[in-house]
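Next, two complexes with chain A in common: one pairs it with chain B, the other with chain C.
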Partner chain A sequence: MLNFNIDFTGEFFAFFLLSVCAIVGAVLAINFAKVVHMALSLAFTFVSLAGLFILLQAEFVAFVQVLLYVGAVTILMIFGIMMTKHQDEEKARSRPLLETLAAIGCLCLFGILFYAIRAASFPLPAAKLPDNNTLEIGKLLYSAYAIPFELVSVLLTVAFIGAVALAKREEEKP
Partner chain B sequence: MQRFWNDPISWGHAGIYLLGAIAVLAVVILFVTYAIYFERKVIGWMQYRRGPNRVGPFGLLQSVVDVAKLLLKEDTVPAKADRKLFILAPVLAFVPSFLVLAIIPYGLKLQFADVNVGFLYYIALSGVTTIAIVIGGWASNNKYALLGGMRSAAQMISYEVPLVMSVVGLTMMTGSLNLRDIVAYQGEYFWQWNFIPQIIGFVVFVIAAVSELNRTPFDLPEAESELVAGYHVEYSGFRFAFFMLSEYIYVYAIACLATILFLGGWNPPLPQLDFIPGLIWFALKFACIVFFLFWIRATLPRLRVDQLMGLAWKVLLPLAILNIFLTAIGIEVFGKGG
Partner chain C sequence: MSMLASYLTLAAVLFCIGFYGVLTKRNAIIVLLSIELMLNAVNLNLVAFSKYGVNPALTGQIFSLFTMTVAAAEAAVGIAVLIVLYRSKATVNADEFDELRR
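Take a look at the complex of A and B:
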């Protein structure tokens, strides 16, 4: 199970670097105390994940990921600045029992994931990936997956209108 | 897309990429130096002044001296600033602005990376600079800087939407987001270029682009009469220079993009003029757009904040969506060639 056959190409180094960046960003996001720092390390993770998508030849997904999450992180940062007090930093109380249990849980989860990934086989796709995969995504979205696509749009519109309605009601009674 | 990470790792390959990057940096810094000079001269000319004329012949060395001054200035970090983020922000603003230049094709052969979603790449990376501006404003621990950063974020996010929408019509006609394909699609004569069938898209694109660049009349993040200097009040010396540098690099990138998307890229306006190399045509169109940006800066007053948001959501976005519908009808009636 533990035979890692690795060939040292540029792809391997890129993958290694990007995954380390993604993990570091995620860990820092949990550990930072200030909300702006957290949002920034979250953005770091998202950009690293976009890099991993590029390695998988999914440029469209990668750049859409950066486009959406960068905007999202900016908004998160602004709301974080506006809605939290940035003077006082409260110290987290240490709870040894809870932390030990959490550590055991995490190790178990890691073990399960590691075993599952090592045990799984990844068959190569039968057909070669199309050259212009953005075009293929568009074709699929408007032919085979047209109804799910439209449903998602309706869902987003409903959420959008709901957000506007909630914000309006707040305005009427100050 | 080129898979350059499949190349074997060697000093030779790394050296080639490094040399390419340094060449682009040199071109861009030369552009920025003389764009600043040209901007001051053009605005001076429009306002019956002389503009810079003391350092060197016709004041040509003025920007060089200005940069040297910035380098020699004391580099201050405010005592109550968030030190790490304060230092990180200019870097974070500059890096994406430089990365954006990798996908711009200057000619059929002259391009660094041929990405099949070229336009999305630009939009995605330019958003990262917004984060840097918000961080810079917040880390300065200054009211004006924070307000500038907030305004910048609101403005960038609002205007990104019409900017992307304005290019959708063009993408529908071309059937590709690849910048090289878009240029290749545009015909030989200048009336076959995208700016005529996509005139609404072109207008929306230019307005949204000026706003994305934070230039007058949309320079609210650094409105000096309201906010002292906006998000970079506390910055001095070379850190300030990096913010300005990335701003001018975006001018360069947007002018290149407008040339490529709407003005036929390196194609000559008439096929008879083919003997002049494409790079010169590209540079001419590019220079026209840069001049246009300076021109509106000298002419138009600044918008108010409420007008700014209204313009993006109530005027530009409906126009961009109308353009998409019209393009769809056009393709249905006339076919893709019309």
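Take a look at the complex of A and C:
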């Protein structure tokens, strides 16, 4: 059933290296005791995913990934960790029953997904992606996807105003 | 095994690791980061299909850009809510946020 007829091209080698980096980062993030270490190893995973995006000819998405996830989201999370209790460590195996059940559930989910991926047949792509994809993405964003683009900008503005309004310390009532 | 299946398997692995983190971690900030990991796995699927799908097009990459934007908004609002909760309860332990259950 498992016929790994893999051709060892350069792309596969790079994919293998980057995916091992991504999985190791994610697994370490689950296993570290200190929360800051968890955040940093997830940043490592995000960087490896950016490498995978470059491998998939999505250079613009890769740069957005580095800017947004590694540069903004992880730093925001580290700020959040520093502004709350950052000394405390995850107590090892505090809820063994729940953790075992969660692990079994995740393994079942992965089994179903893996079986579905193995069973599906993927036809070969019919065309190639355009070369300068930043230009093409820009053209698409301002023609076919103009309305979703504007909606997303409104969503971002509302979310950030909401975040500031939430986190602002309230005035003492006289 | 084609390259698309490899990418989909990697995304499934990352999604399951993120799911496990969401279910078991007690620190609410780590739960938020695990959700980001799950969203990133979905992004990897979208970008992989945009290159290796039947009709390669940039639509998948544009969808992944939208997903990233929504994820950034979600992270900002989540951290703000957590900071407010920390001010009122002095903890970020997700088990102790159970006012609605009492």
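Worth a mention:
Note that the second predicted complex is superposed on the first by the 145 of 174 C-alpha atoms of A that agree within 3 Å, B and C clash if a C-alpha of one lies under 4 Å from a C-alpha of the other, contacts with A are read in each partner's own complex, and residues count from 1 in each chain.
By definition in this document, contacts are C-beta pairs under 8 Å (C-beta built on N, C-alpha and C of every residue); 3 or more make two chains touch, one makes a residue touch a chain.
Since we're looking at a predicted model, the values are computed, not measured.
Clash-free side-by-side placement of chain B and chain C is the outcome of superposition onto chain A.
In the superposition on chain A, A:166 makes contact with chain C only, while chain B stays out of contact range.
Of the two partner chains placed by superposition, chain B and chain C are both touched by A:57. In the superposition on chain A, contact of A:132 is made with chain B only, not with chain C.
When the two structures are aligned on the shared chain, A:66 is found in touch with chain B, with no touch to chain C.
By the touch criterion stated above, A:28 is placed in contact with neither chain B nor chain C.
Of the two partner chains, chain B is the only one that A:75 touches; chain C does not reach it. Between chain B and chain C, C contacts the larger number of chain A residues.
By the touch criterion defined above, A:102 reaches chain C but does not reach chain B.
In the superposed model, A:11 makes contact with both chain B and chain C. For the pair chain B and chain C, the least inter-chain C-alpha distance in the overlaid model is 14 Å. Shared contact residues of chain A with chain B and chain C: 11, 57, 60, 64, 73-74, 77, 81, 133.
Residue ranges on chain A touching chain C, taken from their complex, read 3-6, 11-12, 15, 19, 22-23, 26-27, 29-30, 35, 38-39, 42, 45-46, 49, 52-53, 56-58, 60-61, 64-65, 68-69, 72-74, 76-77, 79-81, 83-85, 88, 90-91, 94-95, 98-99, 102-103, 105-107, 109-110, 113-114, 117-118, 120, 122-123, 125-130, 133, 136-137, 140-141, 145, 148, 152, 155-156, 159-160, 162-164, 166-167, 169.
Residue ranges of chain B in contact with chain A, taken from their complex: 1, 3-9, 82, 85, 115-117, 120-121, 123-125, 127-128, 130-131, 134-135, 138-139, 146, 150, 153-154, 156-157, 160, 175-177. Against chain A, the residues of chain C that register as touching in their complex are 1-10, 12-21, 23-27, 29-30, 32-33, 36-37, 40, 43-44, 47-48, 50-59, 61-62, 64-66, 68-77, 79-84, 86-87, 90-92.
Contacts from chain A toward chain B in the complex involve residues 8-11, 13-14, 34, 36-37, 40, 43, 47, 50, 55, 57, 59-60, 63-64, 66-67, 70-71, 73-75, 77-78, 81, 132-135.
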